[in-house]
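Chain IDs A, B, C, D, E and F follow the sequence of writing; residue 1 opens each chain.
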Amino acid sequence: MKKIEAIIRISRFEEVSEALHEVGIDFFTYWDVTGVGNEKSGAIYRATVYETRYIPRRIISFVCRDQFAEAAVNAIVRSAKTGELGDGKIFISTVDDSVRIRTGEAGPESLYIKD
Amino acid sequence: MKKIEAIIRISRFEEVSEALHEVGIDFFTYWDVTGVGNEKSGAIYRATVYETRYIPRRIISFVCRDQFAEAAVNAIVRSAKTGELGDGKIFISTVDDSVRIRTGEAGPESLYIKD
Amino acid sequence: MKKIEAIIRISRFEEVSEALHEVGIDFFTYWDVTGVGNEKSGAIYRATVYETRYIPRRIISFVCRDQFAEAAVNAIVRSAKTGELGDGKIFISTVDDSVRIRTGEAGPESLYIKD
Amino acid sequence: METMDFTMSINTFWVLIAAVLVFFMQAGFALVEAGFTRAKNTTNILFKNLMDFCIASLGFWALGYGIMFGAGSGFLGEIEFFSNVDHGEALGLPNYAFLFFQLVFAATAATIVSGAMAERTKFSAYLIYSAVITLVIYPISGHWVWGGGWLASIGFHDFAGSTVVHSVGGWLALVGAAILGPRIGKYKNGKTNAIPGQSLVLGTLGVFILWLGWFGFNPGSTVSFADPGLVAHIFMTTNMAAAAGAVATVITTWIRYKKPNLSMTLNGVLAGLVAITAGCDVVSPGGAVIIGAMAGVLVVFSVEFFDKIVKIDDPVGAISVHGVCGAFGTIMVGAFAVDGGLFYGGGFSYIGTQLTGVAAVGAWAIGTGLILFYGLKYILGIRVSRKEEENGLDFYEHGEKAYN
Amino acid sequence: METMDFTMSINTFWVLIAAVLVFFMQAGFALVEAGFTRAKNTTNILFKNLMDFCIASLGFWALGYGIMFGAGSGFLGEIEFFSNVDHGEALGLPNYAFLFFQLVFAATAATIVSGAMAERTKFSAYLIYSAVITLVIYPISGHWVWGGGWLASIGFHDFAGSTVVHSVGGWLALVGAAILGPRIGKYKNGKTNAIPGQSLVLGTLGVFILWLGWFGFNPGSTVSFADPGLVAHIFMTTNMAAAAGAVATVITTWIRYKKPNLSMTLNGVLAGLVAITAGCDVVSPGGAVIIGAMAGVLVVFSVEFFDKIVKIDDPVGAISVHGVCGAFGTIMVGAFAVDGGLFYGGGFSYIGTQLTGVAAVGAWAIGTGLILFYGLKYILGIRVSRKEEENGLDFYEHGEKAYN
Amino acid sequence: METMDFTMSINTFWVLIAAVLVFFMQAGFALVEAGFTRAKNTTNILFKNLMDFCIASLGFWALGYGIMFGAGSGFLGEIEFFSNVDHGEALGLPNYAFLFFQLVFAATAATIVSGAMAERTKFSAYLIYSAVITLVIYPISGHWVWGGGWLASIGFHDFAGSTVVHSVGGWLALVGAAILGPRIGKYKNGKTNAIPGQSLVLGTLGVFILWLGWFGFNPGSTVSFADPGLVAHIFMTTNMAAAAGAVATVITTWIRYKKPNLSMTLNGVLAGLVAITAGCDVVSPGGAVIIGAMAGVLVVFSVEFFDKIVKIDDPVGAISVHGVCGAFGTIMVGAFAVDGGLFYGGGFSYIGTQLTGVAAVGAWAIGTGLILFYGLKYILGIRVSRKEEENGLDFYEHGEKAYN
């Protein structure tokens, strides 16, 4: 099982969500974070003009069976991309096991993703 | 060392926290997220009735020695379960190393979990 | 590629950020969490004095090439340490792959970290 | 330009402005209660605070006003539909000016209860409660004191409603919270847990708004500006009691809990205000400082008492602030009234009268409260299900979160 | 002590206090609009609400006052720079008292639009719109009704501005929102999506503040305290309509959506208030309850209509609350006016006059609105870019987030 | 009905209502300061704002009133315990009406400082400061101008307190902030960093409430409604200066920082209000627009100056808004006063007098401020430890977070 964590622009969230749905990923968890990266944005507070590298981002995180990982990554890249600095990153890692709390079942079956 | 990430209902948090304590897990980190899964909930905003799949959830995340993982997972399943759709998932993965910032010590000793 | 997740005191954030910069880590993502650990803090709410183990913390998370991991961990330990209970933990794990959304490029090149 | 009846114009103007300030207290209550409870129940608590005012407006206009001010007997006014009998005339006020002023008072009594019963009461049951208090409970005991009833006859003094408004609300809150039972998690294995409210910003803003409203509540109860000195006097006593209440609570919490505590001090301000309400016209500013300060200390111990000894879960402290300090302040009139008070050589009889009033109104509120809340409990149910409570009332009762 | 002209002092005092309450409605609008929109546009919406008041202040003082109240013709007042002609004297008021009162009314009309056009309108275009409405659009139709113009002559009755203020704002909101187009994501594949606002706390506090302000808006429109009974009467009708509006909306949403809904009920309160504004002086409290309740039902269906059928995206419901309920309430004067209304045996002619006024002012607002917003669209652009909208106006237009 | 002394009733009524509006400014200050600082210090800043009002109430009543208004000498009033000497009579007011009005002014002066010293000042030191300013510093310089002291004799004109209230607060803020030193992280390696406040919603609501309060502050300073034209005039000048201040700041920030900036514009509104306070009775609305607009520009450069050149860290801009614009506005009276001002042919002497007053009061405030804050620093300590500051004052000083 693979864990996919995508750090995306909040403004692309709806598109990414739909693109994931199309490739069969219907379950995920997300939360808002602050990203520090290449992108900078001009900001003003009272009399101070400054550049901030702290940009609001959203993490979408999900675990899927190995065979879904590639399609999912492609779907995210496709839908999250604007082409400008700061589109974000996707990290893929391996998960040992997964358990569905409601049923206690473990392993791939616990991931209700239609094949 | 194993990393356990449990996505649970916020309303089960207290119970999970106690159940973990009972199996010797006294240290963890949590934050609130939005989950997208099987569960749906009816919502109304002004004149629009709609169904939302965005449900508030909480992630409990901790790293423990291998031998604690199973007990911890069982404790979470036991305490977080309501039996209804949306009880959440637990993901187990392997962590290479852990460091306690205060002392700089690395490896299992950095995880103050009583055996 | 290694994923480093550091759970630190919010008050040390600026220092950690600078220390990471010095060792060449310019990209990361962070969010605020609640930590449960050794540290306790006295609290009062209306007529009730109590001790809480729920302490505000910040997670700094980033993925870097293997050869940067050690320096990064050292930098964090150095900068996040106050010596008092509750300085936090660093967890290191292995990531399979990384993709830059803007360009679609995968692997270490997607991590813009100067060598 | 028509010629003006200056007296009537000034008095009416004054009464209406005071009423507007009292109206705004609704916003203050809404904020305090939202601030002192958790975010998952915020839609619900705001909604209750809005609707109790609306229902009180309709109910007091439709019937309550007549029951309170109608001639009737010493115990009860009269059924006068839609406020069609003029009770302002005797005061030199248009009927609707006096009605509007009294209506916002009735709504204040109604809204006190929502805080004590917050985070677990059914919305529908709360709406029914709101109707009953403004149609029946409040107007009847109100009649005793302000409608020419039997307490008025024996010389009971409650100028602006420490007892008539606040302690009625407070005792109903007590009964309601007791019958409801505590919130899940409040008491566990014999331990009393703190359930911190979501926002002290909301709480503090709410208290400032309430304090503002009290400058209508107390001095407005003159329902006349014939005596400017009296009105000004009441501004001073009201303000000094609030300030002294806050300072006393700060000191008490600093000593008792080692740190100055804001959430309790917000209650301390209100404690001072509630306590001075009965005697704001007859005590001196110095007396007001003493009454306010005592209330500011009392409220701390009262909150602890209900929270830890009696174990009645009152998320905002309504029982202590409105019930206990309301009763306390009313009794203190007998001690501090410049004319006839114990400390001014008046003997104990004044205190006796005050005690009678406090006890009678308290018994009435508690008695009717028991009938009302037990009735609601067995007929309709007053408490939401465990699941609703755990997930928040906003989610199940309204399908609408307060924050997005 | 100089001797006082009591009549003038009391009237001026009253008008200024009423104006202060109306002024504070600006804060109410700011909070409601901030609460009903998303956090990424909060700096922007607050800023617009602040600046429209400032621009309206300057513009109405510089020119609008003269255009509205200058003798002129039945259609138009006069160009009088910096309010240098006294229009208060005839009313027994200092010119500046009357000016200030009228100025805050003009600002109210101006600020209504920002909510309907929220989350996608260019800041610069909005500022220009603010100037045009207070310099031209509002004063001209205002002149017809309140400046002795042709609608006043035919007996059109709009006491405090259901039509003059609210529906002008509402129709401009309609035109503006229509020309702007919906927010991204509001309509997708023929489906209407809910875009929940960030905070019902802000929304509720805003509505309480607006309700408070209405106690200046309606009774203050007497611009005199010569008739205390009338002022008190207006307090009652205003309050009862608001309360009835809320209750009606709660019931409607409970039946229609299965759950009592707060966000819509907040609109219901305002619907009741807007609807009673025209006739608050001539309908009875009972009539006010009926008008308020009807508006509370109407607003639900109106919001649905614009949201789902016409598909004009109005984030706060300004079109329905101010436009539709403003028109509705104005017409209802013809039915419920105690003196001459249809239900009091007055026949249909009163309603006819009211309809004329509503239609004329509506046509004026829509006509000038079309010119204004299309003009702005083609000359300057009124809508921010897709990117700005997606990332939030705060980010690109101001470089300043509302929350940190 | 007793017969009424209409003059006294109207005047008292007016003074008390104005005082209520000024009282409510406390909530405005609390919100602005909470909004402009970080969430980790919110309990602390709210608490300070609440307690300074309470302490000022007690202190001004106990002693300050006599020191300010007691006959005494040109430099000092008298020690009169508990306001037991009547200073209202001469004005045709009940003593307590005048006292209450003056008390809320004293509290305003006191509360200004908390913002500039926010996020790093010890709670206990702040409480002591609050007592000293209302017991000593403010009443003495207040005596010079409003208590019949030496500045009154030479013709210094400060109608509602640009200097007496605002610049005293501003200069004390300057001294306090300077002695405290900047917040950790404000200046690093010679760079000035922005430390954005937590919420512009709180900031904006606070500014609206302050603006509202100013309609009590300025026109209320007539302490009489004998001249309705004057009161109305002051409403207009006050409002126009605020509006012009905002517009001027928007334009200035738009040019200087490329984008219209809300956080600074909020200061711009206050700058306009503070600046017009001295001359609101003697300048024309046009003059008010000019003064307000100049203050709106000035405040931007002043904030930059203190922030970047002098490097005194003032989180909310109190020094610039109250100190600098207060002084500026006072001096401008000499230029724009319709009767005797430079631009109305009055020559330079008026400006000279104004400068004298500004300088004398400034020197007094700065001198006593130095003694006070250095004294506190060496005896008690005024700054929290590094650890407390980093983790937030709420955590260590109160054990209570503002948000949960």
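Operating definition for what follows: a residue touches a chain if its C-beta (ideal position, glycine included) is under 8 Å from a C-beta of that chain, and two chains touch if they have at least 3 such contacts.
Keep in mind that this is a model prediction, so the values were computed, not measured.
The set of chains in contact with chain D as well as chain E comprises B, F.
If chain B is disregarded, contact among the remaining chains keeps them all in one piece.
Of the two chain pairs considered here, A-F and B-C, the higher C-beta contact count falls to B-C. In this assembly, the C-alpha centroid of chain C lies 51 Å from the C-alpha centroid of chain E. Inter-chain centre distance (chain C to chain F, centres taken as mean C-alpha positions): 44 Å. Of all residues in chain F, those that touch two or more other chains are 6, 10, 13, 17, 196-197, 257, 259, 261, 263, 398-401.
Residue positions of chain A touching 2 or more other chains, listed in rising order: 31, 43-45, 49, 93-94. Contacts between chains form some other arrangement here, matching none of path, ring, star or all-to-all. Across the whole structure, chains are in contact as follows: A-B, A-C, A-E, A-F, B-C, B-D, B-E, C-D, C-F, D-E, D-F, E-F. Those residues of chain F that touch chain E in the complex are listed here as 6-7, 10, 13-14, 17, 21, 38, 92, 196-201, 204-205, 207-209, 211-212, 215, 219, 224-229, 231-233, 235-236, 239-240, 242-244, 246-247, 250, 257, 259-263, 265-266, 269, 285-286, 289.
Of all the residues in chain F, the ones that touch chain D in their complex are 1-6, 8-13, 16-17, 19-20, 23-24, 26-27, 30-31, 34, 42-43, 46-47, 49-51, 53-55, 57-58, 61, 82-83, 93-97, 99-100, 103, 123, 202, 397-404. The residues of chain C lying in touch with chain F in their complex are 9-11, 14, 41-45, 49. Here chain F touches chain C in the complex through residues 185, 387, 390-391, 395, 398-401, going by the rule given at the top. The residues of chain D lying in touch with chain C in their complex are 192-197, 253, 257-259, 261, 263-264, 267, 300, 303-304, 307-308, 317.
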